[in-house]
């Protein structure tokens, strides 16, 4: 084994000295954060009619109004009920309807049937949000540090649902022969892509990965902790995700017809679902049209390929003679090369054309199964159900997507989905051993 | 074989002399009918929010706004496009979305996915209805007799969907833990029921059944024609449908647990779906609560049993040592005893307590499979797909229900559903051989 | 209504005077019958290996050894246990394994899992048959008339399973890429078919249909009784079933691609199952090859079309501008024209080329749903479950097939299968109104 | 990070000097191995009748005769066809029937339908085996080193199927109400178990894991390679798997009713399948009876718990406040403590009572998802499909089971199954961080 990279090990062993902000400052900071996040959710729902907000197009997706109410229910259930003296529930039935997967909180409405619930309607949901917001503002004036931390968790939870709100309505709209437009398309200049991408090479060694606890300056989910050393080999990784142009070459080389490129379960899945391209692609003679939240339009070759499953990413990698990076390879590179891009405040409805860098506009499938870190322990109580209980049959995605609210992403962030999922803004980049 | 009933045979051979109304009168009569029917549909949708009108709770049901638009699409497609000079489609995509089962008109949106369509919304549907109504009014001023007949068919088609609108929203609401109320419950006095019901006896013989064509005074669907002789044996039939009180006795005698009472497929169906009572019944200790369009409330024992499948009706009949009447037995009795009740103009959201008579507030399952009458011929073209193509694996129901618009029912009317269907207002009465 | 056929009415009202055979003669007659039927079952199984007799290729089919044992279990359960003094069960577990659908006899092994049972093996089944046969011979020496009748029922039950034994192994063999041959093909001369078939015309009137009870010279199942008058219209019917040549014309005219020809449920079924021809047909360029129990070979155009569902029969009839006959039309014609063909003693593994006549080598789908006759009453006890409980979602087939054991068929015989079933030797003939 | 264990690192860096045997010796060694393995397969099938060898009780299982033929097909396809001059296929159809998952070799008979194939029967399979054995013996006399290696791969492949042969017939037999006995039960003395088990502790550090290539003394599959360093933390691990006694305590503490103990997908799976105990357990009042290949008998508390899924193992671990070991933790401990037990030559049909040690009679679920090792490359051609294509949604099991043929197991061996699989002899042991 060769010597590991000294620079990075320094990073791993540095003790961060940080000034813990006074509780008062923290409260007002979080109160601002609370207002920002809550109003972004409402802004994202604004283009959607009452009918739009009601439909559910598949079991994995949820109606917009459910997202709006479920994120509110989170604050009511985990913050207001235990900590706000004299708080009265907005409506007792909501606990049943808007609970998602917290088995220990009681029975819940079955996920595939969320689209059957017409009541409460969007107006009642708006009233629910306003009622809870008022109570939360009152509570934030006097909350202690633990409660403030809990609220921050609730805000990150809501940011996750902001992204799902967009991917879910995209799926629903794509089921309509009217191909509704969620938002007008912004103008984006065409990008001239270097072909092939540049390769970054990384020396093997022991690197720290995961999120350092001890700092309350940055939030993290329990599945990112504890930070721990990881042993990597020498490897190389592309400086950008795979593009639509590159993926079209895979399709034209009959990538979807060659079983030797695919994982066995991927092949079965692709055939059963008649996949012949990424989700939302439609053949138009020899060209492709794509449904986006800006409507149906021609495929842009300079965008990152998106809405592919892990199975498709793995088949492409085998076709290209390379492999997907592990989540730790991704993280180490992102720490070294991946200056966090300071994006605009709001989310985008579609990925921009590719530039180089680690944090592009698509989530990136990695070769890593979603598993607990060494020493992982779930948070106690119902919140502990949040991440750990899904640690099976899911693959980790790293990075962010166009629909990820700014401030939500982190270099240690672990997104995860089953290998067949395609409705997220999911792409991938390639790596190989050196 | 004994002599048949002379009186009825007279009926069968009488030539009706009727005055055919002048075309002008007929046009204005149908125009009034058109306005009445179209406005009743809107009135039925009025208590429902945009969200309520969007949901679909099972493949057999459709969203309210789909019913409103589909019935409009019928007039646009079968009347305006072929007969209204210069008519322009309201929206080309609607032909795809609101076609139901008319295969010959082109591809159609898959039925189980109607609840995924948020667009067009209720406002667009209202605009569609207004647009078509305006064009129809213009057309009616000058329509010839064939077109007028076609419009009448469209109105009866819309009346069928008025009933479905109610049964479908009832199913959707019942899926909600909030058990929404569609309308307030009217006051109904308790009825003292004779136990057991009276029996009407009918002599065997040859009776005419089916709808006489040749008269354009009364509309009929093709499946009611031609009128033809039918040979019946002596039989007796109850003067009223089975009541909730009687059906509770069946449940308490373990009717749902005794396979010898059930058709084989009924037993399988009941077990797979965990039936232990009619649809919308919920155990409440030793009593029953029922979901109605007036909300969740206690079971009334003096109402007809409702929301039972053919399988349950047949099991009950076997348990009671009797049988279901055939559709012709039902029709013959209804002709003899069944004075058409002159009900109020609007439909009701729930059956009233039982009175004697043939046309109560529940459809009645018969022992007859839905099949063509001797000499039946389907109407030509797409309209011919309307009834004939469903003549398999369905049983005939006769009578009417609370949700049947007045003026829509007839003594020859043949309703039909698969034997496992329970979401209609379906009950039954008993008969036996004499 | 025109006068009915006098000759047939005479038949209907004649009181048959028949000499009831002495009980002793009847016993020895039935004992001979018993030996014949039981040994035919064994003869039919002889070409099949232990492995062949074990497999089950779909839920509706059963393994050969199951048929051999189930028919034996019938005698053990319904005859020996109640009537043979001191009889001891061969094996207690068999009651569970070889019960088919007699819910009242106790729990039963789920039908779709019969192919999972390797034990008891064919040798044990042979021993079971021999054990029961010995006991039955003893019993027959002294059985009273009721028990003798019960035994005859068991023999007809076994004959039904002889036919299923062949259709079930055909289905299983067809699933094998080796296309095994059950028996060598006999030589059959080519038949020159008149095109189109001759039409027999029948005057409308009241005809007796169903099986006369009162005679114990001929066995009948309860579903054929009681005999009763039926009112028919004038009609015409082909003198032979539809041929392969005719059905090929339907296929070539895109009969499987035209929804307007099909019942709605038929269209859905055909598309889901990718039907494009009768079962066991395989395209071979522009020709067809067919799997038969004699192996895979070219289609013979002069054979009756076979292994079609009711849905295909109905679509063909609509395409041909005609209809299927009702079961009573069929029966009336068979009584008038249908001299029972005195066939060979054994069953055949494949239909012979078409000749004219009512009792050809394929069962014939009729337009009649399987329903109880007026005045029908099921036999009491477990045997009563035999026929009545299937009277839903099934269509009646009349006639016989090549696989029907001689002596089992009758002009009043009612076979029945769901409209989608294709694995029986099922064809059809056409009729129309006159 | 603390210093790693020097001793083990020595192992990792030692260069093994081994004498490569002469090709001639290797040929005769492999010829002996060939005869041993092939005859063990036949010995395992001997207690099974032709019928037993034909049935398939679920899609994941295969009939015994399929295992016997598929392993033979492997030698025919991958060894004889390419390397035995003038070899003629035994039967061309076999390539279709007995191909399992090698997509690149051509179409294959669908896995869930293997139980439908009665032909070829057991006698034909025996003839096939003999035919191939003769050809293989001839080939082995002159095979070069690569071909000899290929044959060894085929033998290990056959050994895997020997284990499956037993687990598959166990599943099939368990579906029978007769609960057949595969073999008589040997006498095993009761073991007094220390409660709780002893804990072995291991210091963290860098350990080599995986199989060293370069040596042809020991076979390995591609998924065990390359050997590579792995970074472990301090941990402790039980010296034996969890016992039936311990698992009964979990059941009695309502482990199957508490969602907070389960992975989300595990909870869904357990509920849908109505799990309330390991597979093959049946409640008998307050006790348990278990189906084993020795028949149905009482549960022995001193045996390792067996036939549990990964989901149950993970729920138990959470209940016990511990976790499952990773596959590398398991391997490191097995290298240090796990003296390979020199067992008898033949496999056993049921686990023996627990003793301490790493290689007990049940496979052990680990916390590791089945993924490629760093630097993994699949073998080229069809054989390369063997392992790599399953590297998704599967968990690694380590060790061996009673049904693993001696000589097949290795400390680096990676078995893998989906987390819901229960029909293997699968148990688990617990670990935790130190």
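Structural remarks
Note that the chains are named A, B, C and D in the order they appear, and that numbering of residues resets to 1 at the start of each chain.
Here, contacts are C-beta pairs under 8 Å (C-beta built on N, C-alpha and C of every residue); 3 or more make two chains touch, one makes a residue touch a chain.
Small disclaimer: the values here were computed from a predicted structure and weren't measured.
Look at the CA centroids: the one farthest from the centroid of chain D belongs to B.
Our note on geometry: chain B versus chain C, Cα centroid distance of 37 Å, whole angstroms. Here the CA centre of chain C is 49 Å from the CA centre of chain D. Centre-to-centre separation between chain B and chain D, using Cα means, comes to 60 Å.
Within chain D, contacts with two or more other chains are made by no residue at all.
Taken pairwise by the contact criterion, the protein chains form one closed cycle in which every chain touches exactly two others. Shown are all chain pairs that touch, namely A-B, A-D, B-C, C-D.
Only residues 1, 101, 103-104, 206, 228-231, 233, 259-260, 262-267, 310-311, 314, 367-369, 371-372, 374-375, 385, 389-393, 395, 419, 433 of chain D touch chain A when the two sit together in their complex. Residues 48-57, 65, 93, 96-97, 109, 113, 115-122, 172-173, 175-178, 180 of chain D are the ones that touch chain C when the two sit in their complex.
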